Amino acid sequence: MTFFKKSTVLATVAMSLSLAALGVEAKTLRVGVSNDALSMDPIASSDNPSIMTQLLIYDQLVHPSKDGTKLEPGLAESWKVSADGKEYRFTLRSNAKFSNGRTVTAADVVYSLKRAAGEKSQWGRFFRPITSYEIVDDRTVVMKLDQPFTPMLNNLALFSASILPAALMEEQGEKFFDKPVGAGPFVLEQWNRGAKQVFTRNSNYWKEGKPAIDGAELQIIGEDNSRVLKLKAGELDAIVGVPFNQVASLKSDNSLNVGIAPVFRAELVQLNTSKKPFDDERIRRALNYAVDKDALVKGILRGNGRVATSSLPVMAYHNDDLKPYPYDVAKAKSLLQEAGYSGGLKLTLLVPSGSVTHRQVASAIQANLREAGVAVELQTIEASSMFSTTKAGNYEMALSYTTSDTIDPDQLVGFTAVNPERANAFHTQWKDARVNELYELERRTLDGPDRGKMFQEIESRVHDGAPFIFLYNQAETFASRKNVEGFQVLPTSNYSLEDVTVK
Amino acid sequence: MITGASSPLLRVDSLQVRFGSGKDAVTAVDNASFNIAPGEVFGLVGESGSGKSATCRSLIRLYGGSIASLPKGSITFNGRDLVRLSDKELTEIRGAEIAMIFQDPMSALNPTMRIGDQIGESLRRHQNLSSRAARERALHLLRSVGVTAPERRLDNYPHHFSGGMRQRVLIALALACRPKLLIADEPTTALDVTVQQQILRLILDLRQQTNLAVLLVTHDLGVVAQTCDRVAVMYAGRIVETGTTRQIFRRPAHPYTRALLNALPSSAGRKDTLAPIEGEPPSLAAPPSGCRFHPRCPLAVDACKQAEHVLRAVEPGHESACIRVGELGC
Amino acid sequence: MPIAIYCLNRLVQLIPVLIGITLIAFLLLRVMPGDPATLILGSRGTAADIAKLNAQLGLDQPLWRQYLLFLKDIATGSFGESIAYKASVGPLIWERLWPTIWLVLFSTVMAVVLTVPLALLAAVRRGSVADAGIKLFFIVAMSMPSFWLGILLVLLLSIVVPVFPVSGYGDTILERLHHLVLPSLVIALATAALTVRSLRSSVIAVLSADYVDTARSKGLRSRQVLWRHVLRNSLMSTISVLGVHTSWVIGGTVVIETLFGIPGLGSLLVSSISARDYPMVQGLTVTFAVLVVLINLLTDLAYVAVDPRVKLS
Amino acid sequence: MISPVARERWIKFSRNLNLQLGLFMLGLLVFAIFVFPVLIAHDPLAVDFDSALIPPGADHWFGTDDLGRDVLARVAAAGLVDLQVVTVCVFVPFVIGSTIGLVSGYIGGVVDTLLMRLVDILWAFPFYVLVISIVGALGPSVGNMYLAFSMVVWISFARIVRGEVLLAKRQEYVQAAQVLGFSHIRIMARHVLPNVITPAIVFMMADVVLTILGVTSLGFLGLGIQPPTPEWGVMIAEGRNFILDGWWVSLFPGLAIVYVGITFTLLGDGLDDFLRPKG
Amino acid sequence: MLIEPLLEIRDVSKTFPQPRTLLEVLARQPKRTLHALRGVSLMLRPGETLGIVGESGCGKSTLGRCLAGLHTPEGGEILWRRQPLSDIRRADRSRRIQMVFQDPYSSLNPRMTIAQMLDEVLFVHAPSMSSAERRDRTDSLLQMVGLSPGLKNRLPHAFSGGQRQRISIARALALEPEVLVADEPVSALDVSVQAQIINLLESLREKLGISIIFIAHDLNVVRHISHRVAVMYLGQIVETAATETLFGNPQHPYTQALLSAIPVPDPDIRSLQVGVQGELPDPLSPPPGCGFSTRCPFVMDKCEKPIPEFFDSGGEHHVRCIRAHSSTFSVPA
């Protein structure tokens, strides 16, 4: 009997019965997510939904650990980096197989990484430091670099470094992605665009006994509220992205588990230091003092986050000595006065449209700054054109955020602190010679405490230079029904389903 | 010729018809009495707003969407008082014993229904005919009213017909169940004269064949003269004079009737000025006191303003409501 | 003229409209300020990338050639290449078309089912409490933003009394119908607000038509008069109201599909707009317009079916 | 001395309950929008996390939202915003559309044919689709919203007025004016326009409701008026997340929209009666 | 006595093309046209009343509208004192020819008071008049048509049908035209009121010396008011003559049928014998010969083609019937 028939028959009488009826499909996990994937091609994707799906169906040589602090073996059971940091040798697992049963070979690895570094790839920059490949045998591959590039290993854990079956891809071309074959825990069985993705368990997955569930279904539910309601109604087993203001009420629901994942993300206000008055460090610091970040975390995030100390999220080598700028209106005012703006200031703040949280934060910032004598005009801008606008330098302040795709801070340092680099300190045009120098150094230094110290110095220089108003590191919220165990969002914002069990 | 004196088919007594309610109520027909014998063509003549249409519609309570209260007085038809019948009981009479045709043949047929079905509907309702039998009968009826190629026409829609043909269809429809009385509310007003002639001829021929009584409502005195056996003249909601057609035309016993006849262009001398009735017909919402014609009447005296409305016999079968009828010299 | 020729005729008449539709959809996105390629590429764009994308989108061609290219894309059914999905727009739209069509159909059926009895009741008992109540109900229904009404219905019929799913779209026909009840109801209430009003007034008008008196004069019972003579003739103006309203209903699916998570054209439009997927937006705009045109054609055919007078020209 | 026409109008007005009630409700609305903000002295924009989601009570009659802003103050401020938007998005297309419909219908011929083809084509684009595409492509802002609405809504007015003009042209008083040798502009302005504009005015009232729905729906999709500017639709959209714990946040703006809906429906019905000539 | 005609209508024709569907155009189907007027010739003398009668659809209203400038004829010409009417400016033409319409309920702008209506006419055509002069003239116009100037500040709905027709006449006469085209001016009125309007038109014609083209379907009315009468059928004039000649000695079978169909208001003369059968043929495809040939009781083969010429039976009595041409077959009156 289908749910439809049952519920119409019993509708108003027995809600519990119809819910029980859902329990029959126990081994499939239904997850509610906000957006659908766009593409299954790892080198052509940069949207989170696509990345997350790809991480379910493809596998990589190495993986970040679940706490986001180190790398773990993936398709490669072991690897060795030469002392000069110029040679990487990987040994593949003997039982690593694609979902069609074929073994993953060194040739597949070389094919996939070359493709990822290739012309068509949006992620080529991450892999181009590898200058040559050597297939030692079916299970061994050696990659050579011209010069040391420390983030390399972490880059190989990226989704864009997914290992694809070379022969099949050669044969099928672009058609491959209609029915992709990977070495990940799941197989994409059915994809109704905009509605759902249906996965079945990959029985050839190398990890013994995993995944624990027979299959999974990602349902695309754009409306935050609908997602929560569907979870409550038992139409979903788990959801990602619980509106902050609903976390508390979901926590009090006995049938649900609510999780809060600290992800690598930092919320910022970009300050255009090439424009007056942001060229003055005192002004930038004053603005940092003037915003009540604790209130934002408490009032808007409902406690699901922490106040940020710099543009880097709390991740490896985080500088724990840094303290956030305290909320101090008097200090802010005196700094403004010192900089010659005692008579008040008028500024504009770009706000991306669409995000409720950002709108609220913007309103709060506006209210805060008003008290410090700074009048802020909010300008809403289509989220997707935000980047090109700040890139063009066409702004004063902009509310934005950064996330890290890897567990190595290098990516975000390069993005938010270094100038000149590809984003010129995330379009603030802030420039610090020492930071640039440390960045160069860090990339050539083997991973270890020394490299960590460099990151900590960078972080503290960014903190002091204040090219941003550092707001907070917001957590990712998720929830699942009580019968689901092991569902969680990882620091890299994706969710692993292989350890999930449904009772 | 049948006269009004022999047992009437329809006797209307002190009929009053009111439209609307409360302050806006209008008495469209006041204290109207007349009777119609079987097989008789009875004319109800008057200008627009005189209540002639309301009178005939009230007999079977069809007011064209207007809200009217239940008529007062009595309407005795074939021994039953129609006023006392419920709406539901009245549906048994409509179509079966009293049928009606309307002024505008262009709008009186359902545009979305085939002619054959529209005629058949009546037969199936009252005579429980099968659809095949109803069709046969409809065919016969169409033929009898002079519709050419009726076999083909049965399946046509009204918009395929000309005005005259539609009026023929409406007549066929009305006579389907062989009613005893046909109410014809201005049946030829919307038609051209050559067609009017054909339709009137048809009605008279059918009357001849089936001993049908006809209540003919019209404003055209020419039509009355050509078709009616007896006539009632209405003015401002009241019947002011009744009599045989000859009596009315030859010896009009009410100033209004007389003025109406004089106002006809055909009766004036070729190049003389016409003799119109001065002024305008009164509003039924606030009718004049006494004789309602007195403000326009050349013979009015003070007494007319208080005169009660009573029809008095002038000669056998000829009645007038004028209190000065004796002085009219007829 | 037989119905086939009528259809053919209407189809021929559609040609200029369709050309106009494609032209407007095309111009709409071309005259907009801003460089799509820059917007699309965002953080990863270099000058060379932008130039490449512009060439790929055909944006370096003169306007008229771009339009011809667009027409060619339409003719081949590909409608161009989606920027976000990196696949032909045509098949993607085709996949998303059916939920929207189901939604429109279902809500129209619901609206009709709501309209006919309520409008007849209101018209026959005009001025009564029932009439006033129906009127007030639909004024409120019409004034309610659809997403607000949707939320309330979900709360009531999915959470408090869990009869219908909160959102989504099923796999089988029955599941789909079940999922579409609430979203269709939201649309149907707004549509019915309009059609009840229109049908009520045309029933009142028809009730005073001569042919209704003719029908009554035949001795038909009031119910027979109402259903055989009044309703059919009143429906015609309501059908045209419904036809004119179609465009509104189809547009309304944008909001409803987003709210109820239905994988139709509307939700695709919203996501494509925020993704700056210009070829997709263009294809969707054309599809929506063609849908409206086709539904209007169906309305006309319904009109012909109901009213034999419509000169088939 | 009062002219008979003025007296007639007064009598007509005094019998027109819909119009009276509608005007009364509109007056009340305007009063509330302008007087409440002064009366309650809460800043509609003031964020105060400590007083978030306070239920309706003595201090906050309509409660506060999740940022601790007073809902009544916001509903009133939003009323002003929405009424401004409506004024522009309805009145401008009314003027443009009516003029085009009047001229096109009166002149007829090729101009009319071409214009009506254009209208047919534009008409095929669903309202929301066109508005969303325009606003989406140009970026969300009040100005772009005005532009999008104006580009779309005039069609309705043009269609309505043109249809009426075609009917009026057949009226004998228009033909009489032609025979009297009046200029075409005079005939259009004095004889046609006053007799065709009523349905457009009545539709304008309905369009107010449709426009508010459109603006709020855009707000819901994040394409309309942007926060923190208070707007009823945005308020509902923001409040729907905690509809169970803070029902008042979205209830009151919702009621405000329904109130406006009822007001303008009554006004529409009332004006329809009032403006329709007798006889 | 040769009085120069005021208006001369020469062989005027007017068609109304029926819209074709795009498919029909593509399929090159022939255009369908409604032939409203087919070669109409007439003339009007100063001070005379010319009656035009015929049943609905005969083209009599189209003819009136062509004269008033509401339609432009395609063929033939209309001369105003020998000058083509099409050469005269619209404003000047309106000062010569005015029109009174059929429907008293739609011929007055429902949103203008009577005073505004009359004032506007004067304002447009006599800009030199002061507003006080215009007010006086408005009052005198109303008095002329028998209405009290005290009513002038009312809207049309406050007036009865007869009063409205008076207002229409006043409006038309405000320009002091020489010709008044009256298109069925009394057919919507009751008999008693109809007589008032007819008398009014008669007296105004005498007083002001204007000519009237009186279009009507009611033969009795036309007979009463007209000096000469033209009978129309299917877009053509079938017979013209002085009123008494026409009514006393109708020659065209259609005229005869029409006359015999009028119900005589005398119960002693019952003449309800059907004269002609059938109804008007489809004006989109009129018979190729005599228009009346499909219904004519005297129809012959020769009638079916071509269209018969006018036959002058003397004394300005013209008949379009081939039987009138053959002297052997004179039609009994």
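First chain written, first letter: the chains are A, B, C, D and E, and each begins at residue 1.
Quick note on the criterion: contacts are C-beta pairs under 8 Å (C-beta built on N, C-alpha and C of every residue); 3 or more make two chains touch, one makes a residue touch a chain.
Remember, it's a predicted structure, so these values are computed and weren't measured experimentally.
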Target chain C, source chain A, minimum contact steps: 1
B-E or A-D, whichever has more C-beta pairs in contact: B-E
Of all other chains, the one whose Cα centre sits farthest from chain B: A
Chain whose Cα centroid lies nearest the overall Cα centroid: C
Relative to chain E, chain with the most remote C-alpha centre: A
Centre distance in Å when chain A and chain B are each reduced to the mean of their C-alpha atoms: 89
Approximate Å spacing (C-alpha centroids) for the pair chain B, chain E: 32
Separation of mean Cα positions, chain D and chain A [Å, integer]: 44
For chain C paired with chain D, centre-to-centre distance based on mean C-alpha positions, whole Å: 22
Two or more partner chains touched - positions in chain A: 225, 354, 382, 385
Sequence positions of chain C contacting 2 or more other chains: 34, 151, 155, 258-259, 270, 274
Shared-contact residues (touching 2 or more other chains) in chain E: none
Chain E residues within the chain B interface of the complex: 55-56, 160, 162-163, 190-196, 198-199, 202-203, 217-221, 223-225, 244, 257-258, 260-268, 270-277, 279-280
Residues of chain C defined as touching chain D within the complex: 16-17, 20-21, 24-25, 28-29, 32-34, 136, 139-140, 142-148, 151, 155, 247-248, 250-252, 254-255, 258-259, 266, 269-270, 273-274, 281, 284-285, 288-290, 292-293, 296
Touch list for chain E against partner chain D, complex: 65, 68-70, 90-95, 97-99, 101-103, 105-113, 120-121, 124-125, 153-158, 168, 171-172, 175
For the chain D and chain E complex, residues of the former touching the latter: 3-5, 8, 171-173, 175-183, 186, 190-191, 194-195, 277-279
Touching residues on chain C, where the partner in the complex is chain B: 204, 207-222, 224, 228-229, 232-233, 306-309
